[in-house]
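Each of the next two complexes has chain A plus one more chain, namely chain B in the first and chain C in the second.
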Partner chain A sequence: MTPGQSEQAPALEIADLNVRYGPVHAVRDTCLTVGAGQVVALIGETGSGKSSLALAAARLLPRSAAVTGQVAIAGKEVSGLGGSEFRRVRASLLGCIAQDAMAALNPVVPVGRQIGELFAVHAGMSRPQAAEAAVAALAQVEIRHPAAVARLYPHQLSGGMRQRVMIAMAMALAPPLIVADEPTTALDVSTQAEILALIGELRARMRSGFLWITHDMGVVAELADWAAVMYAGRIVEQGPVDVIFDAPAHPYTEGLLATRRDLRSGAPGAPLFQIPGSPPGPGEEPPGCPFAPRCPRATAICNEVDPSLEPAVGEGGAGLAGGAGSMNGHRVACHHPAADAVGAWAAPAGPAEKPAAKTGDNLGTAGTVAL
Partner chain B sequence: MARALIRRVVFGLIAVAGVVVLAFLLEFVVPGDPAKAIAPRAQSPAVLASIRAQLHLNQPLIVQFAGYFGNLLRGNLGTSYIQRQSVASLIGPRLLTTGVLALAGVVAEVIIGGALGILATLYGRVRALISAVNLTLLAIPIFVLGLLLLLVFGFQLSIAPVTGGAGPAQLVLPALTLGLIGAPWYAQIVADQMQDSLASSYVRTAVSKGLSDSYILRRHVLRNVLSPAITMVGLDLGSYLSGVVTVEVVFIWPGIGLLAVNSLHNLDRPIVMGTVIIGAVAVVFFNLVADVLRMFVDPRTREEM
Partner chain C sequence: MTSESAGRAGSSVAAPGGAGRASGSPDPEALAAAVIGFDRVSKQYRGGRLALDDVTLSLPAGGSLGLVGESGSGKTTCVRLALGLERPTSGELIFNGTAYPAGRARLRSLRRQIGFVLQDPYDSLDPRMTIRDIVTEPLRIHRLPGGRGARGDVLVAGQLAAVGLPGADLRSYPARYSGGGRQRIAIARALISSPSVLVCDEPTSSLDVSVQSQIVNLLLDAGRERDLSMLFVTHDLDLIGRVVDTVAVMYGGRVVETGPAELIRQSPRHPYTKALHDAVPANHPRDRRLARRGAGPLGPGELGPGEPGPGEPGPGDAAEPGADVTDDPGEPGAGPAAGGASLFRPDSCVFASRCPRAQARCHRERPPTIQEDALRSYACFYPI
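Up next is the complex of A and B:
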């Protein structure tokens, strides 16, 4: 069941996590495990709750957010810790890599000092020692002339260099967990590849687990061991990356992959695949499955009962839950999960031909999946 | 960077020259005959004419201006019509007196305004109270506040001198007046800047590094507040040095402002011109100083310059 195969405690264990912003229920009853040294990709559209989930795990949400549930990092239960208690241990438990390194670094403090203060505050080093350690950390992320770079300010660095600084900072104390929020989205393609290679290497060396928020399926395929797909605040499907890619069980996951397939192999000029409709906004969630109004396989039960995350049935297997498919941890929240490789979106389906009963009033409005 | 600085100095000098031209022209818009101010009892037109001739007042405007500007370029601000002393020797000591007041006023407004801004940002409970204080201070005319302070602390409580002068005891109330009038602006800038900073991504990064609130405030937030505050200090020092007229008049502080007002009454054009030029130079100079200081505080401005 747990994706972590090693005896080590998982990097991150989230149980029954809920995040509410006032009346808005951003994350619902979510459970997720990041095994030691594993990369778990959290995939979803803007507003799906993936950032809220990750920030809740890192305890970086604003005070206005109400968070319930359990979070354990490297086997240590942290959700019960008080603010200052957690502050003392947090940097040695988890590091964070933000999407926009320019904004995430203080513009008026040299980058070396921004890394060094971690060592000064948490490792009790003197200023010169911390500065030296910061230079070493910059060298770790393959920055040339680290001593000179340490004295520079964020705006004097390139985008790739800034992201390396962020990575050096996140990994400075070699934490078991790194929460990365789309760390390569803001970078150009070649820099992106460099950063991905660097993270792959550091991960192998440091054995840190990653919770990696992304909407780039290419990055998921390249780096992740495990993928969790979020929709409307829920994890609707999760499993090993190759299983998710080869045999997605949730129609939403299938839709995401179809978009990617079109991008890769679609005829030039042909329209890209889009999942029709748009996700439910806050307060307009249907009583049943939140994806039902957009789903080609939806039936009556979908509009009434919100499906829970259950072990998925393996490829071609018509077995019971707990059969071969569940052994690899593949789980899906769907009343009609795909039982074969022919996806829900395989046949071109116009809104008029959709077999399922629709309740959503956004029927037929071809909303773009913001991926 | 040196080239950028030189460019700024050149632009500053051009601005000062522009002020000189404008002030010179304005002098002639002010009605009145300086000759009559110099010799109020002289009835004979011949005497007045000879005074005008002596001061070159009967020459065409452009010739007068050329003469004045030529002297100015040689560092000569001219001679007072009334006091028969060089303008420089009259302004010099006054500049020092006004400088003391300007500095004390800026220190007061930075302390009062900074404290109000920081308190309003950190303690939600006093925020409404502080914005009420800010609004009140913004609404009070400076001379009303000055007279009020003088009335309360000088006449009622008798703990501050009311006689005027430039001593340390006399400095307190005018500096406090400047401080209170300027404080809301600093409070606003500090509060805005702090709120931006606290909501910023880099503060979230600092939180994620397990740094304490007070450490984040000192090392990450306040550094980002400094830069706009320095700009404002530069502007204030410059404009105060050109004469805090109202405050100097209310508290009879013998500075440039008081000198300028008296000289305007007497149509003593060289002194008025002198105070205007000193003011313009002060504004340009302190803006430049503020820009240079900001380069040390905010590295991004180094490239802008």
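Up next is the complex of A and C:
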């Protein structure tokens, strides 16, 4: 299911990844590939395991996390490397963009010097060379007056500028993989648009692949080539981004897309489309499919057997996602995947049409279980 | 004219003929009839920051007014003023036709009328208080029955059931609840003193997508059932269009455009409103337009060093609901002030430096607020 067509090794290959924090199984049996130069969106809500997966790929998890499985970056197997060995190669293999740039940057060092350090340590440059390269890196992310900005401290920059600095650092050594953890979530919508434009620009120039964590389907639509949806520690659906938007097979993916569509097109004052209930809390592992309690299509089997990720062919084997599903890598973990574009939530009894009071009751019951 | 349909479906039913429209016009009648009115209000923080610059707004009884804008636009300052946490530097705040009272005791009685739900449910609930104590706190502060004792338990249980937490353990602590659960508790607390106004400051922006709709629906229901007037603050243009009748778009401490939510969405007049709309990501990959060369709707603009950062600290930090809030000037916020007053040019349009339509005049003259019709106004020399 390698999505990339290039002969280059994929930016990231994850196989059978599991992450456990004590009794909490945060990521289970996950396989994911980021092709060279590709943007893969990892979609999920709080507690879905998306950050654990990304941090495991970057080997940034604390020792207390038990990680098993294989991780290869640009064809290099890194899961077997020792700590110091990995630290030596890390900067040349991957860059990271954090959500909170203020926390990620050193507050007492000018940003130019922070970027320059990368060049000095990993590219063997002299101090003046590194300083010059840092200014160039800032220019690369379209910061005006880069030489002046290089002398500023993080707190002197706007949120958007700090995020640009983060991107400059992540891309400084042109690593094959960049892990971006909700880099635009904290930004204003216009600043987010600027950052997305910048990433679009940089992608055209560089060959880095991105693992882009987000919960915003709009950002996915704007940026991603491939989308993977996580729920309760599992990837429940993945595929080419057009396929995911046109023919989502998992009811949860359908619900996320419907939420966004409805928000924009619904009538003023009308109730918003909602997925009832809430995800299982950490450590809660009911048998069967973790989405079953919230799922409009759930049947008896869903409460008993946890579905595995299979090529999406639709229940009748002939749906929209059918034949193509197995070819294009579209996979879904669902006993009753959507066989057509109508989907789970479009039924007349869907939450959007339900009287608000009734939906509230639903929530309540689900809420007491899961909250 | 779509303005009729733009009205919140329930409001006209709940208050037949009574629900006026919110407005940004300096119309004395609208202000006199407003539940909450801002009459040419300015707010200057220590250090010279002008957080609000001559803002006129009115929230009519049974109506709903949305404030939309980015960090530093002044929307959170509006909330702080509306809640009586701060006093305006100039201009007047009006509650039900009279000026906000100056005295503490009378301000308290006013606050009883205003429930509020803040952005961060992790910050706005005291982690050491039980759910019961959190929800009944407004009753104790306002010396209403039910603040203590068994009667309170019944009241709280009913209130929690109404917000979708039936059977919740009254002696549990907020830590047991997810973000959505906490926001439900905050809503229960906001409603327990039977306020006539509900002020919501980004009530869903820290929640997951699938929970956001649930909380918004809960707020819409509550507003309808109780015939509340609602002041709703958000940076989410799609969301605001679903929740309120009237939207005021803020930028740099000024209201740049006001109108029915649907018109603001479909045919913005102010270039900033349009830019905000254009910055919203696409719904489908085939419509993508942002992640492309030169696609930034505002361009890298004037965001020089020292510009406002993200994540404006909501009043949540200082403003425990109904709690004994001092008139602490509070966190001035990450507004443009952080960068200096340069953004504020009294003799120009605040948006001029980033505006694709700006001409010389925009840089040396402040555009007056033009009343296009009864519902709609904007402050721009060259409207769209």
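Methods note: the second predicted complex is superposed on the first by the 338 of 371 C-alpha atoms of A that agree within 3 Å, B and C clash if a C-alpha of one lies under 4 Å from a C-alpha of the other, contacts with A are read in each partner's own complex, and residues count from 1 in each chain.
The working rule: a residue touches a chain if its C-beta (ideal position, glycine included) is under 8 Å from a C-beta of that chain, and two chains touch if they have at least 3 such contacts.
On a predicted model such as this, the values are computed, not experimentally measured, just so you know.
Three-chain overlay on chain A, with chain B and chain C fitting side by side and no clash.
By the document's definition of touching, of the two partners only chain C reaches A:Asp188; chain B does not. Once the two structures are overlaid, the count of chain A residues touched is higher for C than for its counterpart among chain B and chain C.
In the superposition on chain A, contact of A:Ala66 is made with neither chain B nor chain C. When the shared chain is aligned, no partner comes close enough to touch A:Ala174: not chain B, not chain C. By the document's definition of touching, neither partner reaches A:Ala300: not chain B, not chain C. With both structures placed on the common chain, the touch criterion links A:Ala58 to chain B but leaves chain C unconnected. By the touch criterion defined above, A:Ile275 reaches chain C but does not reach chain B. The minimum CA-CA separation between chain B and chain C in the overlaid arrangement is 10 Å, rounded to the whole angstrom.
Note: residues 156 of chain A belong to the chain B contact set and to the chain C contact set alike, using the contact criterion stated above.
Here chain C touches chain A in the complex through residues 5-11, 70-71, 161, 164-168, 176-181, 184, 208-214, 216-218, 220-221, 235-239, 241-245, 261-262, 275-276, 278-301, 303-311, 339, going by the rule given at the top. By the touch rule above, chain A contacts chain C in their complex via residues 45-46, 102, 142, 144, 148-149, 152, 156-162, 186-194, 196-201, 203-204, 215-224, 241-242, 245, 255-256, 259-261, 263-264, 266-276, 278-279, 281, 356-357, 359-361, 363-365, 367-368, 370-371.
Contact residues on chain B toward chain A in their complex (touch as defined above): 200-202, 204-212, 215, 219-220, 223-224, 227, 297-300, 303. If you check the complex, the residues on chain A that touch chain B are 58, 60, 84, 87-91, 94-96, 98, 100, 103-109, 117-118, 121-122, 153, 155-156, 166, 169.
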